[in-house]
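Below you'll find the structures, each written out as structure tokens.
Shared chain: chain A. Partners: chain B in the first complex, chain C in the second.
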Partner chain A sequence: METITSAPETPSAIQQQRLQFVLQLADTSLVLGHRLSEWCGHGPVLEQDIAMANIGLDFLGEARSYYQYAAELEGAGRTEDELAFLRAATEYRNPLLVEQPNGDFAATVLRQFLFDSYHLPFLEALRAGPDEKLAAIAEKSVKEAAYHRQWSAEWVIRLGDGTPESRRRLDGALRDFWRYTAELTTPAPAETALADLGLAPNLDDVRALQQAHIAEVFAEATLPLPASGVAQKGGKTGRHSEHLGYLLAELQYMQRAYPGLKW
Partner chain B sequence: MTNTEWPLWEVFVRSKQGLDHKHVGSLHAADATMAIQNARDVYTRRLEGVSIWVVESTHVHASNPDDAAAFYDPAADKVYRHPTFFEVPISIKHM
Partner chain C sequence: MVNSGGGTVAVTEAQVWGWLADVSDPEVPVLSVLDLGIVRAVRLDAASGHLTIVITPTYSGCPAMDVIGTEIRLRLAAEGIGPQQLTLENQLSPAWTTDWLSAEGRRKLTAYGIAPPAEQAAGRVRALFGDSPVVQCPHCGSNQTQLLSQFGSTACKALYQCQDCREPFDYFKCH
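For the complex of A and B:
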């Protein structure tokens, strides 16, 4: 299989799609990592405070690897920092789920669970793909994602099959977040084009694995599986909820206020 | 009023295969599964370990500090309990 490792002078259509795809992965990890970092110092107990910070840092590390690769694919001299800190909300390609506000602990746990149930099979497919750079990033991240999935599944079971209060909160989170689940495995135009060429994971396969995991954990958590319902989409093509703007305003503040600042 | 505090657990981490588990600290958790998960997050973030044991703190029975004099002081002048009086043949190294 063909492996493209460097960007040509004028990016071809396929090169452009690769860039969009890698940016989408980078934005997704950065935004979710940032959301988790917001818990730092606010966790319900010290141990979970540290757990969420750890997971957030895993996502930040994953995001950096993708941004570095995106910068290389783009070949326009932009750095990973410029891609992360100087793009507008409409240029961000993350799915809507990861930009949703933390809410209470149950909401954060459920958002994480829905994402992790997609993330692990996605990375496993990416690891087996022909793009060596992405395969290497996936190889490193897959172990982290396996732990994240264990952590979030454990908490969904505890809260779902816990006290009336924990169940009430988890039910509320499910009502809020379920509609964003389908977007994770709905391909953006770049993903469709690349998947047709075997250059990106087939999201139908990922969705089957995701749904199996969700069904298994929900059964143990005594949670009824929600009906498919209306799916909210748009993040992957740059149409975001209002929340992303506020998130980026905080995330990008330093580089916007003091361009080129280093520390 | 029910007690809503999670119980305390003692955490032991083995740093390498072949070495003993060492006590590294304690944490709160609802059960053993959560205790191991929490220990992973709190005590093995910097490559400290390859294995974790957790024991609920109430299961650890400790010696009484008031007994210290009777328990430990008598050993102070029993130097002959150390196996340092044997002559080791010169050809044996690393003893």
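For the complex of A and C:
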């Protein structure tokens, strides 16, 4: 039988997309928060070690709120912990940027800057959206994200307009990470479907704000804006770099080795 | 009325607020949860005697929230209000702000050696560098202080140093 018109979105299909979207946000915050936590005890100076641990903690808190909401949307009895600790790398929906290894301090700063420049306008859009739960989480996180963005922008300026060595390292980080920037504002299928219904932020608007912030800070850091170049993506649809598996192996070890462990 | 074991105990919302004043923040023990402004509502259902307390976290990842919840339960248990009669609700919106710190809380913070927020969080616009407010040293009172890091010993604090007495100190940052 020939299908003439596409079927309208059924409630359960929309529900499934909302779940995917919330899981994507949860995974993104958890993976980036975990990367930042890896700096704990290894920072270049104590104050920045503490700063990265603090920022990581904010992301962990944001991730928990999203996972709790995802568990509620799924309605299958899975808890926030099961969603975080018992899903495989291919089920994770975070963009590739946040799973990239820390590298040196300049690399971590740049990864954070590229993310923060997206995160703040994204949360501001989410806060204004119709989903009350997501709006509440965004309202809480947006204040934290403003502090993060200030921290990472100031460090990009210090390192970019700093010594030849700091500049060399930041240039290297830019070569490594720039290709992952576009994925942040390239919608996954669930984001496209929800944005069409007004249920998720329009990422074109977020990208414009992100690019304006990057241009402003790079100008002050005396960094030339890279040409668009190759954009690497796939994380939002479950196709990850090899790094995520190692990260999850460490993150999930206790629950995998001792299922149901509580403390 | 709250049922507690054999008898019944008459409880009012005002009493509950009074007991909550005894519950301190585990990370800044001189502050009560009321000074912090994190208790958003106390609701006593007259018919069933069931008590609902609504709290909000200072920061998304604040690790003290679980401890604060336990402390509230323990304090109320001491008044005969058991876990079946109490619901603790976690509310994210409206998001907590340092503008909710009580005047008494600000005074206690200074006496404890932590500088209270120096400006209103509402309507604050952030720029890069140089937008730090004047923060008074809680040790010697000098205004010659310098921001060392926006991220201090806990999520809610920044790290400053006094240029006059040279002491580093925590600043409860605007949020």
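Operating definition for what follows: the second predicted complex is superposed on the first by the 252 of 263 C-alpha atoms of A that agree within 3 Å, B and C clash if a C-alpha of one lies under 4 Å from a C-alpha of the other, contacts with A are read in each partner's own complex, and residues count from 1 in each chain.
Heads up, the rule we're going with is that a residue touches a chain if its C-beta (ideal position, glycine included) is under 8 Å from a C-beta of that chain, and two chains touch if they have at least 3 such contacts.
Small disclaimer: the values here were computed from a predicted structure and weren't measured.
For the composite obtained by overlaying on chain A, chain B and chain C cannot both be accommodated without a clash. Legend: residue contacts after superposition of the two complexes on their common chain; A:H243 is shown touching neither chain B nor chain C. Once the two complexes are overlaid on the shared chain, A:E154 sits against chain B and chain C alike.
In the superposition on chain A, A:K233 makes contact with neither chain B nor chain C. Of the two partner chains, chain C is the only one touched by A:V217; chain B is not. By the touch criterion stated above, A:R78 is placed in contact with neither chain B nor chain C. Of the two partner chains placed by the overlay, chain B and chain C both lie in contact with A:I50.
Shared contact residues of chain A with chain B and chain C: 47-48, 50-51, 54, 147, 150-151, 154. Within the complex formed with chain B, the residues of chain A that make contact are 45-48, 50-51, 54, 147, 150-151, 154, 158. Touching chain A in their complex are the following residues of chain C: 57, 59-63, 92-97, 121, 126, 128-129, 148-153, 155, 159, 175.
Of all residues in chain A, only 33, 47-48, 50-51, 53-55, 57-62, 64-65, 132, 135-137, 139-141, 143-144, 146-147, 150-151, 153-154, 157, 217, 220 touch chain C in the complex they form. Within the complex formed with chain A, the chain B residues making contact are 6, 27-30, 33-34, 37-38, 40-42, 45.
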